[in-house]
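Structure in structure tokens, see below.
Think of it as A, B, C, D and E in the order they're written, each chain with its own count starting at 1.
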Amino acid sequence: GQARAEKITVAAAADLKFAMNEIVAAYKKSNPTDEVDVVYGSSGKFHTQIQQGAPYDLYFSADIAYPRELAKAGFSAFEVKPYALGRIVLWSATLDATKMTLANLTDPKISRIAIANPKHAPYGKRAQEAFIASGLWEKVEPKLVYGENIAHTAQFVQTGNAQAGIIALSLALNPELSGKGGYWLIPDKLHAPLEQGFIITKRAAGNPLAKRFAEYMGSQAARALMVKYGFVLPGEK
Amino acid sequence: MEEIAARFALTYPGFNLDVDLHLPGRGITALFGHSGSGKTTLLRLIAGLARTENGRLTFRGQVWQDEDTWLPTHRRPLGYVFQDANLLEHLSVAGNLQYGAKRSCGRQVNLDAAIELLGIGHLLERKPAQLSGGEGQRVAIARALSTAPSLLLMDEPLASLDLTRKQEILPYLERLHRELAIPVLYVSHAPDEVARLADHLVVMAEGRVVADGPLAETLARTDLPVRLGEEAGVVVEAVIVERDSSWQLLRLGFGAENILWCRDSGQLLGSRVRVRVLARDVAISLSRPQDSSVQNLLAGRIEAIANDEHPGLALIRVQVGKTPFLSRLTRRAVDTLALKVEREVWVQVKTVALLDQT
Amino acid sequence: MEEIAARFALTYPGFNLDVDLHLPGRGITALFGHSGSGKTTLLRLIAGLARTENGRLTFRGQVWQDEDTWLPTHRRPLGYVFQDANLLEHLSVAGNLQYGAKRSCGRQVNLDAAIELLGIGHLLERKPAQLSGGEGQRVAIARALSTAPSLLLMDEPLASLDLTRKQEILPYLERLHRELAIPVLYVSHAPDEVARLADHLVVMAEGRVVADGPLAETLARTDLPVRLGEEAGVVVEAVIVERDSSWQLLRLGFGAENILWCRDSGQLLGSRVRVRVLARDVAISLSRPQDSSVQNLLAGRIEAIANDEHPGLALIRVQVGKTPFLSRLTRRAVDTLALKVEREVWVQVKTVALLDQT
Amino acid sequence: MFLSASDIQSIFLTLRLAALVTAILYFLGIPMAWWLARSRSRWRGPINAVVALPLVLPPSVLGFYLLLTMGPHGPVGKLTEALGLGLLPFTFPGLVVASVFYSLPFMVQPVQNAFAAMGERPLEAAATLGASPLDAFFTVALPLARPGLLTAGIMTFAHTIGEFGVVLMIGGNLPGVSRVVSVQIYDHVEALEYAQAHRLAAVMLIFSFVVLMILQRWRPKNGQGGA
Amino acid sequence: MFLSASDIQSIFLTLRLAALVTAILYFLGIPMAWWLARSRSRWRGPINAVVALPLVLPPSVLGFYLLLTMGPHGPVGKLTEALGLGLLPFTFPGLVVASVFYSLPFMVQPVQNAFAAMGERPLEAAATLGASPLDAFFTVALPLARPGLLTAGIMTFAHTIGEFGVVLMIGGNLPGVSRVVSVQIYDHVEALEYAQAHRLAAVMLIFSFVVLMILQRWRPKNGQGGA
């Protein structure tokens, strides 16, 4: 019966929302009978839920560690596939971040800096690494506030409660944020690569649609959209 | 005859109830006693609203409570008038009445008559919070009747009613108990209510029964009237032998040839009635009085002279034929007239209260 | 004299209250009326628990309510005994009493005396839920006194008390009102309480005042006693002129040379007292009776013969010196003795109730 | 269009969930409240405390534990699978079960207070009128507990609408199954789609306000003095 | 060690927050409940409804709106800055304000019901005994409302402990300032540190159970029949 499945549910990290929405739209244009639902959320939550039998057919994580762990535990139909590298930027809604570097954050006028919680949010972890690599961690740590995830971190900055923050490039390109302030791309040598990967879950092992969609992610059209939304693709620099 | 047997022992801090009662299966039994003597507690035990270990209660041969049995309140076919009205606040007056009527298990009740007599027809739409004290009490009486009970427990049902109301309701209750032939346990502080209504009297004090017997007997006991205060007296069974329409009076015959006059309340000639004669309304003279407004004169003989509650007073029991009368006199009068047991005297009865038809 | 002036109009569905009352500033005013006649409503208006537009209330010259003024209840120096006790459930009996005492603004109250007299000393630790009906009512009376009020409003305070208790409490209330010299508004259904306690009588019917005046006057009105039923009678002011210790009797003198005997309750020789003589206790004869146990004989003259509530009965007013007496006789007796206005008769008074010292 | 199709879908899903949870909790919570208000058992205290415990855990953590319990390796999950019901997480019934569990104190506490406040006396009156305890429960206790029942219903309903921590964890954000309004608004906010979030939040607030205003009518008026 | 230092810090922070919020809500909520229970104003209905509204919004969405309002461009933020108080987000006082707002219905509703249930009569008795309305409020209404006050306190306290959506949103997850236990447990779960999460959750549950059991003592016994 699985061959006749005409619908898949994709669990995708929240930072993928804009890119993925367009990719799905494009995919549907060429495969009008296929139905693809996308659920956005926290990669960690999806990880837990898939272990408990959540009905997701594909899982796009913001951190490749989660799908790897799932694959090791046998929840994946095939091996983990990297699909993008995330980049982080320094962003501010009130200051011109294009003219700033991380060092500017020590300015006493900047009292609050938002990053995602490094404990469990991959973008937060990279932000922390960047600060440590620039030798700024001790100086900025007292000013840090932690968002639950990268969107939440952006909200801290956007509402003016934090003067600056480190968020995903994909988010900084979002029309809601790109209008205000600007961003400064944090050099990727300052942090470990933020490898993002996806799997086809075990429940979708025999689902041709899942496979087709996974293949489409490697297509030229999809890759172009990913780039447009600020993702660096594996194998490109 | 003995159709209610109740034995209960219960302890509250500072109060012990210990009763072993045998009550007649019909008629009104008055429960009389001081405030705090345990009347409400006894009623609650009989109703099954309170429970004691080792209690025993049978009604018409049916066990309501013993070591093994416990009939819950709602399975006991009783009506209860609470000391405060305890109406169901969320229902209208009509709703309160229907609540019982709907659960009367098919037994028929003429609620309309009760509603009219208790004068609550205009209150049916009201909520209990919108009633005056006496109105609430009247609704509570009607509600207790609405279940067509086999036993009626009434805890001072007329306490907040005025005399006129009482005088309307009392005959109704009398009639009711005759017509329904159900036993009624009636708590009252008012000796006139007791004397008027009760067939059987139970006097309680400090959780114990201190007197218990048929009304006439118990009332005529010279050791007891003390508790009845101004209302000490006797109840006489008589027959209506003549109607004096011009004077609106009835002639009552009792014993061999004795008669009493009382106000006409419309009873049938020849019917049997009860009249109450209070000790305070009975005067004694040695010779037959002349020219007096007192029309009821009876010849009798003094049977006993007892102490009354006040040291200046005495209670005299005079036997008129087979009927005892009580008279309350000052000790001085007893002395002046040299009254003694066995002495023949004239009994002057100023007022006779017709109680009911029997 | 007129120290409370109250004018209120209020409408409930099916009930209109419309009163304009002027009450004396001291003594007990009895509020008497059928169930639902508006007694509680009037008391609540006076206490400020209910409010009407355009009402007006002054107390000892102080305005409590008019168009511009509204003195809230807690600023009115009053004590209120609710028809149900309405004790504060979260406080013990002692807590309830102290609640008022603490807020009496330094006025002194002897609560201990009240507690002893009302027989609630053993209940002080109890919660209101653990009291019997009468016990709660007694606590409520003590509580109302605890604020040392300047006006006492009592809504049937003795309704659930037995006779003995009442007879203990009534003299206390009498004494209280004499000692404190505060006016008391006293709702009661019991004519004996009214007759015993009241100085002033207000009779209400359907939200209106139908009679209003000093007690003796109002009771002697032959158009009114109908409402008092068995309790119609008069109140006589007299002086104790002799004590008969051997018979425990007191001789009371009133008017020029008239005397009455009554039971000795320990009053002082020479003190002024009030006695109540019920119409039912008064017989009339044309000649002086001989050999009768009735010791109180007075010569008088018939002033009026009026109808009583029952067509077979008449109320006769006999003037003894300057004092009117009422006698309730059967119409037939009136006829037999050919009683007429202006006729000289003998009045036989069987019982005299000593009310209080004045 | 003012609201997207998926917004509207989520609204109806939410109302279904909230109504169902409230209804179920009336069934479960009222007997519990009755027992808690009247029992003299020594279990009363502990159970009373346990009822309030779900409140103490953060919703998403509670959701996590529920997920573990109802998942394939959890005791509840094993039970439901043995009964042939399948697994509860990521299904609408699973959401209902989780919300019922989480909202239990909102139902039990106000009703329990209402039952306790009325005391024994109205029930005694009912018993003397021939009403069995069950009969009296329905005809006397429940009507008298109306303010408490109303509060309980409002709190449960509103809380079920607003709760999303548990729902997100157990439900998996599946459209038509578990994407309730709260999750939908949350998604909008997370995706920085503020306009849509504002619109949906406003709709929910206005709708809830209207519903709450209507429910006020069931709240009895103040006692009117009376004799 | 059984619990880490930061776990323990978060526990004390949480207790401080919950105690403070409960105390503040007793101050704010009781007068509101009093007014709502007794007023005959036509605003009563709408305000009654508004009190329950915070429940309808998902906590983190509510948190987002609070973040907007209390931020430098929001009305509350402008006010607090003008008053020299600085901005509320990322501060402990900010958390308190937000939790107070969110937990308001838990306080108001039970207390309101308790006030309504007691009716006018005890207050009338107090007035005739010379108690001013304020006096009667403290000496009669509050003692009689004890079960409602207890429920309200329990619900508020438990809810403040468990709530984390709002806290997370405006608190910034700062240790010692806004990293309360619920956030801490959440972080453990998100970081897949299940053992730590279980331990902390267990500690919170046991602690709360004990507290709730102790509070039961304040719940009055059932009425004891009486005359």
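Annotations
To be clear about the criterion, contacts are C-beta pairs under 8 Å (C-beta built on N, C-alpha and C of every residue); 3 or more make two chains touch, one makes a residue touch a chain.
Please read these numbers as outputs of a predicted model, since none were measured by experiment.
Taking the mean Cα position of each chain as its centre, C sits at the greatest distance from subunit D. Chain centres here are C-alpha means, and the one lying farthest from subunit E is B.
The distance from the centre of subunit B to the centre of subunit C, with each centre set as the mean of the Cα atoms, comes to 26 Å. A straight line joining the Cα centres of subunit A and subunit E is 36 Å long. Our note on geometry: subunit A versus subunit C, Cα centroid distance of 91 Å, whole angstroms.
Here the spacing of subunit B and subunit E, counted between their Cα centres, is 60 Å.
Multi-chain contact residues, meaning those touching two or more other chains, occur in subunit C at positions 40-41, 49, 83, 130, 132-133, 135.
In subunit A, the residues touching two or more other chains are 45, 48, 152, 155. Shared interface positions of subunit D, i.e. residues touching 2 or more other chains, are given as 64, 121, 189, 223, 225, 227.
The touching residues of subunit D, when paired with subunit E in their complex, are 37-38, 40, 45-46, 48-50, 52-62, 64-65, 105-106, 109-110, 112-114, 116-121, 147-148, 151, 154-155, 158-159, 161-165, 182-183, 185-186, 189, 197, 201, 204-205, 208-209, 212-213, 216, 219-220, 222-223, 225. Those residues of subunit B lying in contact with subunit C across their complex are 12, 14, 32-36, 40-41, 83-84, 122, 130, 132-135, 137-138, 155-156, 159-165, 167, 189-192, 227-231, 244, 247-249, 261, 263-264, 280-281, 283-287, 289-295, 310-313, 327-337, 339, 348, 350-351.
Residue ranges on subunit A touching subunit D, taken from their complex, read 9, 14, 17-18, 37, 39-41, 45, 48-49, 51-56, 149, 151-152, 154-155, 158, 171, 174, 176-177.
Contacts from subunit D toward subunit A in the complex involve residues 64, 67-68, 71-72, 87, 89-90, 168-169, 172-175, 187, 189-194. Remark: subunit D residues 121-122, 124-133, 135-136, 139-140, 143-144, 146, 223-227 touch subunit B in the complex.
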